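Only one structure is covered here, and it is reproduced in the block below.
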Amino acid sequence: MNDRAENTLLVLPGLALLALAFFVPITQMLILSVSGDDGPTLAHFTRFLGDPYYLGVLWRTVRLSVLITLICAAIGFPLAYIMARVGPRLRLWLIVLVILPLMTSVVVRTFGWMVLLSRSGLIPDMLRDLGLVGRNFAIMQTETAIVIGMVQVLLPFMTLSILGIVTRIDPRLEEAARTMGCSFLQSLRTVVLPLAVPGIIAGSLLVFTLSASSFVTPNLLGGARIQVLAASIYRSVTQTLDWPFAAAQAVILFVGILLILVPYARLAGGRSNG
Amino acid sequence: MVKSISTPLRIATMVFVVFTAIFLLAPLVVVVGVSVSESQFIAFPPSGFSLRWYEEVLGSDAYVGAAWISLRVAILVTITATVVGGAAAIALHRRKLPFSSALATFFLSPLVLPTIIYAIGMLMLWSAIFGPVSIVTLWLSHTVVTIPYVVRTTLAVLSESNPFLEEAAQTMGASRLQRLWLVVVPQCRPGLIAGAFFAFNISFDEAVLALFLRKPGLTTLPVQIYGQLEFSPDPSVAAVSTIMIALTITLILVIDRMLGVQKFASA
Amino acid sequence: MADVRLTQIKKSFGQVEVLHGITLDIVSGEFISLLGASGCGKTTLLRIVAGLEGVTSGTVEIAGRDVTELPPEKRDISMMFQSYALLPHLSVSENVRFPLRMRKIGSRDEQAEKVRDALETVQLGHLADRKPRQLSGGQQQRVALARAIVSRPQVLLLDEPLSNLDARLREDMQVELIEIHKRLGLTSIFVTHDQEEALSLSDRVVLLNGGKVEQEGAPSEIYSNPATGFASNFLGAANLLPATLSQTSGGRAAKLEDGQVIPIEAGEDGDVTLSLRQEDATLCADGEGALSGVVAARIYLGARNRYVVKVAGHEVRVLTGTEDVFESGTRVGLKIDPARVRVLPRD
């Protein structure tokens, strides 16, 4: 046995598994998305793109995903920065704070929000008691509920992505900026933020992808009326049993994600290189 | 914290952290609260205290059966993903194979593709070839999505190890197998452990693949909970959920013991 | 202990040939240094002896046996790495026992005994149960040495093992290495880029340049009689001056590029390079020395001064005492003993 043989033996099981149980299924799905009763067809795509209902679903998915990504970045950056700069004990607690929800099943966390946001739940009750909203106020089954739930689900991903970059920023750079006359917030904006851009971008790509492709939380918090694309795919698979149409929607979802992410990643790559 | 920060800013920071903490933990706390309620209905804050919902869960065939399936799948997945992913990472780290960087990308690709897309493909392929899904379907697909985590954590650990250890062992007379088992694998240990925890946690909590690849009698715990939430939630769901949260906390404690949570979070 | 014989070793990486046919005989018990700048092929040559690198052509023999095709684990060698390469998951004593375990030398008890001995040799007996990361750099280095000698290999290979230590530890280790070599008499090949280290440790120095042996010999011989400009420059920070040797009216002399002349007895007529060590010249008032030049810089070194003097358009470094001080820009004379000037063929 030589080195080449040893290394080949080591990668082979994984290679075979991924090829057969990952790439073949995806290929199968791609084929199914263009197959009709009478050979290859684009009918499933034209059906989706020609139907205002589905276009509405697509638009809602993009809109909510962008919003969720922005909110996650807005909370995640300061949180990550604070985590990187506090003492080790507090940092440990903050990491647990982020990891604990991350490692808890999405189903369980969504359930928590269902309880909090339901008609008689804690949050609507509080808002009613404060007189901020009317008697018939409800959050459940609204887009707001989806956004709140999804931000909580995805914030840990964003925070950890940014944290990975921010911990590598030398605190002396900020001190140097301070000695050159920056206020604390200015040093944050002119030194830390630009250096953290790669982390924010990585986190945004991740959060956007996860957000656009999730259906568990949107289904449970948004209900049947407020459909997002992934939920519609799930329905096509399990309820209407229209698999080719489900496959076509999945392709649209993936292409849509790529169409938004590739220019974004390129833009960001160009910026951080320049 | 960086010194010389004005007091108002300091206070604002603390308020921000507290609010974020409440936001992140609230759903978990609420679930735990509901689970000990005496009431028939889901209510928070809970009315009274009782463990009846836990009794109900432990006596329920549906929940216990689902938990058993989840546990079996998660253990199988942890073992296969760790062995297969770890072995691949060792070979990838050596960069001796042709196209090794392309291979590395290949092994990480399941991380990039949204799970729902993979789930449809797996369901369609399996049905076309083997007919109804089985626990094997779930095992294979969970292994596929967890392998990248093992590969990533193991590669990270290897990249920090001394690149001359294998050669040194060779000059000391270690054979190929001895080098792999006595030198390389021990170097990988922290990465393999972290990867194994990822694999177990993801498989046990995962809902998307499990929802697509279910059939009567093949329901994992998250799917069982999801089903209850869609139709008739009662506090027993909260009790199961609390048990899952407790499992997660246990997992975090064990991870902290073995690796340190900080290291794990940066993987 | 054994002879090592390298015959016509050639090695290419892709299109690039890094070793151009090296032949070297190392006698049993000899301590030999492979000395050269980075990229000269010295580490590659060592790795070829170890078996970590194959040869493109040529043969490697250890103790009269052709081992060219044998992998490292089948050769009776041990190697000390620049980064020590201690196994981080094993304790100090387990690290030292590792080669005995792999090569199945002795029973468990005998192995324990040998490990104890080896650790005593490097004065680390008290740290046997520590993990490598709990040791200082110097201690890790000793563990690596103990591990390299514990199996009494036929050949001990050392790949710049001292280069990560600070100056003081380095000197201590050099003394220790010499003593251990004297006691065990292992055939040792030592790779270094530091000429002082090579000169002080070895029985023989092999100077490598561009994948070829530039010169080899005993340290004193190689230091006092460098054969080429490269050797003389590399071994002693010597000054090199181009000149032309010929018979003049006043005897044989070398004429520098600006016309200055110094009497030289050695060498053949024609274009040559004069080599002069910085400690072999002193400064004096202009006109009193053999050569004259202008002080370009004075560097204060504490006990000595180093002058950079421009002679015939070339910089000549001169190491002197601190009694006389010559300022920059002053024209000075250089006192030189013509017998100390080496005449090298023009490169």
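Letters A, B and C mark the chains in the order given here, with residues in each chain numbered from 1 onward.
Following the convention adopted for this analysis, a contact is a pair of C-beta atoms (placed from the backbone, for glycine too) under 8 Å apart; a residue touches a chain by one contact, two chains touch by 3 or more.
Please read all numbers here as calculations on a predicted model, not as lab measurements.
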| item | value |
| --- | --- |
| Contact graph of the chains (line, ring, star, complete, other) | line |
| Chain pair with more C-beta contacts, A-B versus B-C | A-B |
| Most centrally placed chain, judged by C-alpha centres | B |
| Chain A-chain C separation of Cα centroids, rounded to whole Å | 59 |
| Approximate Å spacing (C-alpha centroids) for the pair chain B, chain C | 55 |
| Whole-Å separation of chain centres (CA-atom averages), chain A against chain B | 17 |
| Shared-contact residues (touching 2 or more other chains) in chain A | none |
| Chain A-touching residues of chain B, taken from the complex the two chains share | 1-2, 4-6, 9, 13, 16-17, 20-21, 23-31, 34, 42-45, 83-85, 87-88, 90-92, 94, 96-97, 103, 106-107, 109-110, 112-118, 120-126, 128, 140-141, 143-144, 147, 151, 176, 180, 201, 204-208, 211-212, 221-222, 225-226, 229-230, 233, 237-238, 241, 244-245, 248-249, 251-252, 261-262, 264-266 |
| For the chain C and chain B complex, residues of the former touching the latter | 50-52, 71-73, 77-79, 81, 83, 85, 87-89, 98-99, 102-103, 147, 151, 157 |
| Residues of chain B that touch chain C when the two form their complex | 161-162, 164-165, 167-175, 178, 183, 186-187, 189 |
| Chain A to chain B touching residues, read off their complex | 1, 3-4, 6-8, 10-11, 13-15, 17-18, 21-22, 24-29, 32, 75, 78-79, 82, 85-87, 91-92, 94-101, 103-116, 118, 120-122, 152, 155-156, 160, 163-164, 167, 171, 174-175, 178, 184-185, 209-210, 212-216, 219-220, 230, 233-234, 237-238, 243, 246-247, 250, 253-254, 257 |
